[in-house]
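Order of writing sets the labels: A, B, C, D, E and F. Residues in every chain begin at 1.
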Amino acid sequence: MFKHIINEKLELRLLEARHAEAVYEVIEMNRGYLSEWFPWVPNTKNAEHTKTFIENELRRFAHNNGVSTGIFYENKYIGNISIHEINWNSKLSSIGYWISSEYQGLGIVTTCCRELLNYAFETLGLNKIEIRARTDNVRSSAIPIRLGFKQEGILRQVDYNNDRYYDHVVYGLLKDEWRGK
Amino acid sequence: MFKHIINEKLELRLLEARHAEAVYEVIEMNRGYLSEWFPWVPNTKNAEHTKTFIENELRRFAHNNGVSTGIFYENKYIGNISIHEINWNSKLSSIGYWISSEYQGLGIVTTCCRELLNYAFETLGLNKIEIRARTDNVRSSAIPIRLGFKQEGILRQVDYNNDRYYDHVVYGLLKDEWRGK
Amino acid sequence: MFKHIINEKLELRLLEARHAEAVYEVIEMNRGYLSEWFPWVPNTKNAEHTKTFIENELRRFAHNNGVSTGIFYENKYIGNISIHEINWNSKLSSIGYWISSEYQGLGIVTTCCRELLNYAFETLGLNKIEIRARTDNVRSSAIPIRLGFKQEGILRQVDYNNDRYYDHVVYGLLKDEWRGK
Amino acid sequence: MFKHIINEKLELRLLEARHAEAVYEVIEMNRGYLSEWFPWVPNTKNAEHTKTFIENELRRFAHNNGVSTGIFYENKYIGNISIHEINWNSKLSSIGYWISSEYQGLGIVTTCCRELLNYAFETLGLNKIEIRARTDNVRSSAIPIRLGFKQEGILRQVDYNNDRYYDHVVYGLLKDEWRGK
Amino acid sequence: MFKHIINEKLELRLLEARHAEAVYEVIEMNRGYLSEWFPWVPNTKNAEHTKTFIENELRRFAHNNGVSTGIFYENKYIGNISIHEINWNSKLSSIGYWISSEYQGLGIVTTCCRELLNYAFETLGLNKIEIRARTDNVRSSAIPIRLGFKQEGILRQVDYNNDRYYDHVVYGLLKDEWRGK
Amino acid sequence: MFKHIINEKLELRLLEARHAEAVYEVIEMNRGYLSEWFPWVPNTKNAEHTKTFIENELRRFAHNNGVSTGIFYENKYIGNISIHEINWNSKLSSIGYWISSEYQGLGIVTTCCRELLNYAFETLGLNKIEIRARTDNVRSSAIPIRLGFKQEGILRQVDYNNDRYYDHVVYGLLKDEWRGK
């Protein structure tokens, strides 16, 4: 029921238990591609698991500790974008996302990210947002770069998936840098 | 961040912890009028209490057990409208509401109610919604009557407030009756 | 061990875990008849489930939130009668019951009800007790009528069982009406 | 509401939250005498504390883990007698009691104990009940002795009260010994 | 990682989850002998169960309520010795132990016990430690006797194992008696 | 009771509730210096708070999720060194430390760190350990540098303390790099 309208085609919706089937279907369709990048994919075995995930994410929102939203394009669920756990002492959090392969390359995630950055900086009053991407994920890195994030480091072997370790580039954006935009 | 837009002036927003101050302020402003009708008013002593209420209501939403939304008029918080706990076996729930006195008489609650009825019947798939009003609350009763609810009974002395008992009229609307509209 | 003696043949006993077998047996014997009226019957699949029910009901009693008692006739368990959750602000609760088919028609439930009404009004100090019955359950409705309850309404489609909805008659009795008796 | 009737004057009642005031009053009246024997007395500072105690004891009963009952003489609360936590593997528990000073010496506790022993052995199916008394508490020791318990040992310094340690005599009674009676 | 070194061969180590396999293996090897004496043996069916046991014991330690340690001889796990739950009001606890059959008769448990007694009396400031042994377990009783414990009683039928009841000898040692050593 | 002996003067001990006083005293003595670097210092107002911290850290250890140890020099508590929460999927954690000012400059933390690295890599089987230090904390950065950690980035404004934000240098060490040493 609750949404954040971005433009006539694109919305972020707060996922509810009843969305579990639709979300799981898109994960299922993108399983090959998603499992290449995310360690949580093999554990997502059915819509019931997705329902539990949605309920946990809503509980996180209820505790004022970040939020997970569904990306809807022309009323169709096509991916997720989230503000992760918030360090309220440092007013610091990070953003993560994935989108169905057929909708990639249209700038959708960048647009959604911009909205969550506004929410994070203006509404929640956070001071810094980080985005992390695997060094071999050029597509994912393009988003923070386009949004003016600065590269702050490369953390080695912090991501284990499909039997090997991957490095993460850390990008950071400060409230002041965003305001300047 | 999350809202359900009704028209250019009116929105239902999912309340977050950060709204507590604004909500409490409106309760404070309407304290005299609200305490006449609702037993929860004397216990609402500060914004911290309102924050706890909001967090509990979000948790209820997270458990797929109804939802509490803030009514915003021209971006200003002016009251609350909620779907109470859901009996999923009978697909039954009820709706409750209150609105700042200065915004009464404009049909705002009726309009909001209509949206929640759509959400309840069409999205959640409920079968029946009840609205209860004190027999001496003509203004409140006008809403279900206007929306086509049928009066189903008068439950005696079910509401204790300000040292006396009050009766409740129960109004009910079935999914089929709503569909017919 | 704990009982409320009504007369030389009839007692209300606080059910303990060790009663689970005996209770389940009577449910099993009356399964056909009970499942016609109560949605909880299909989920009651074994004595272990009944044990959990008894423990939950005792916990409710421990929290001063109503009580579930076993009806014993000549030392034999024959049914249940309960005070449901209590709304302490309105000093309001309801009573529910069922009895093994072979003991129906003897006025046993009416007698037990009278005892629980005394407990509710005199001991707990409640102000009102409701009894709800399906409109097609003449036998069940006879009890509140006999005890002087007033019919307060017919709530439509609030009870879903065996693939259809049923209406409930609500009967209410006030403390003052009981005192007058 | 629930009681175990022993004779025309004496009953064991399952304590409910509403008894807290009456129980606390008797503790208050006997504070000097009770604090001589029991380390829990100084912490019992008001009826609210007693209410919490009663709720915890009911929860223990709900978990099939012993029971705490109020001794009522001519409908007046005069003390407590309990079956403590049960070791279900060994079918072993113990009994504890105290009674208002003015009712001591009438054999009331012995009579109540006999009832709880029947409940423990016959109803719960326990195999052994122990009673422990401070070596300087002749009055308390008289009860298990009168009931046929055997002295099984003197545990040194297991009870700390009023700045010194006391020894406990352990008395034990087996189911078979009770049956023989 | 954490240990209490007793001598060049013998250590008490705080068990961590990662020790579960090694502990289970020794239990498995001694299953026949252990199940003769301890009722918990049949329930210990795999290393996962042992891991849960270790985690529970660590939680007990975290709550300042006794500790369970692994006996390591020449860096090999060979048994357990524990301080059970502590009665902080009476500053009273008990010690329990078992050791792999091939290491019995070397005085290892006596030596470990001495260390735990020092910890209990000197570090935790307890006032009394009890050790209980089945009357038919001469080997186990030898330990408290050797350490100067006094026999305080024989509790009848407090231990149920392999379809029969066993008696326990209770041995006790006071802080003052230990200090004198 | 449990310790990891490093050399004749230096030990890491698993902190227990009873250490709270000693730990708090050292925090109190170093309050000026510690509050310059750590946001948790102002909240540490008494030994009771330190006791809660120790119990939480022990619970973390019980859940196999890192460990907090006290640094003891000549049997005197002088600081803390911890393995923080563990990401078991990536086998990744970080180490943090502080030491009483009078013991700085003696290489004590470096020595302790080396032990925890062994524990992390060899015993727990982790793959990477990070150490983070404020960019203005030269003394703290010297430790990972001396131990062969590689600088992986500078995360901007991730640490809020005394009304301003600070940057963190992230140092990382892989299991393979440690093994090579």
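In this section, a contact is a pair of C-beta atoms (placed from the backbone, for glycine too) under 8 Å apart; a residue touches a chain by one contact, two chains touch by 3 or more.
Here the structure is a predicted model, which means the values were calculated and not measured.
Asks: State, to the nearest whole Å, the distance from the C-alpha centre of chain B to the C-alpha centre of chain E.
Replies: 60
Asks: Using the average of all C-alpha atoms in each chain as its centre, how far is it in Å between chain A and chain E?
Replies: Computed value for the inter-centroid distance: 51 Å.
Asks: If each protein chain is taken as a node and each touching pair as an edge, is the resulting graph a line, ring, star, complete or other?
Replies: ring
Asks: Record each chain of the ring in the order reached, setting off from chain D and passing chain E first.
Replies: D, E, F, A, B, C
Asks: Using the touch definition from the top, list the residues of chain A that touch chain F in their complex.
Replies: Per the touch definition, chain A meets chain F at residues 39, 87, 89-92, 127-128, 130, 150, 152-160, 165, 170, 172, 174.
Asks: Which of the residues in chain D come into contact with chain C in the complex?
Replies: These residues of chain D touch chain C: 1-5, 12-14, 16-18, 55, 58-59, 61-64, 67, 119, 123-124.
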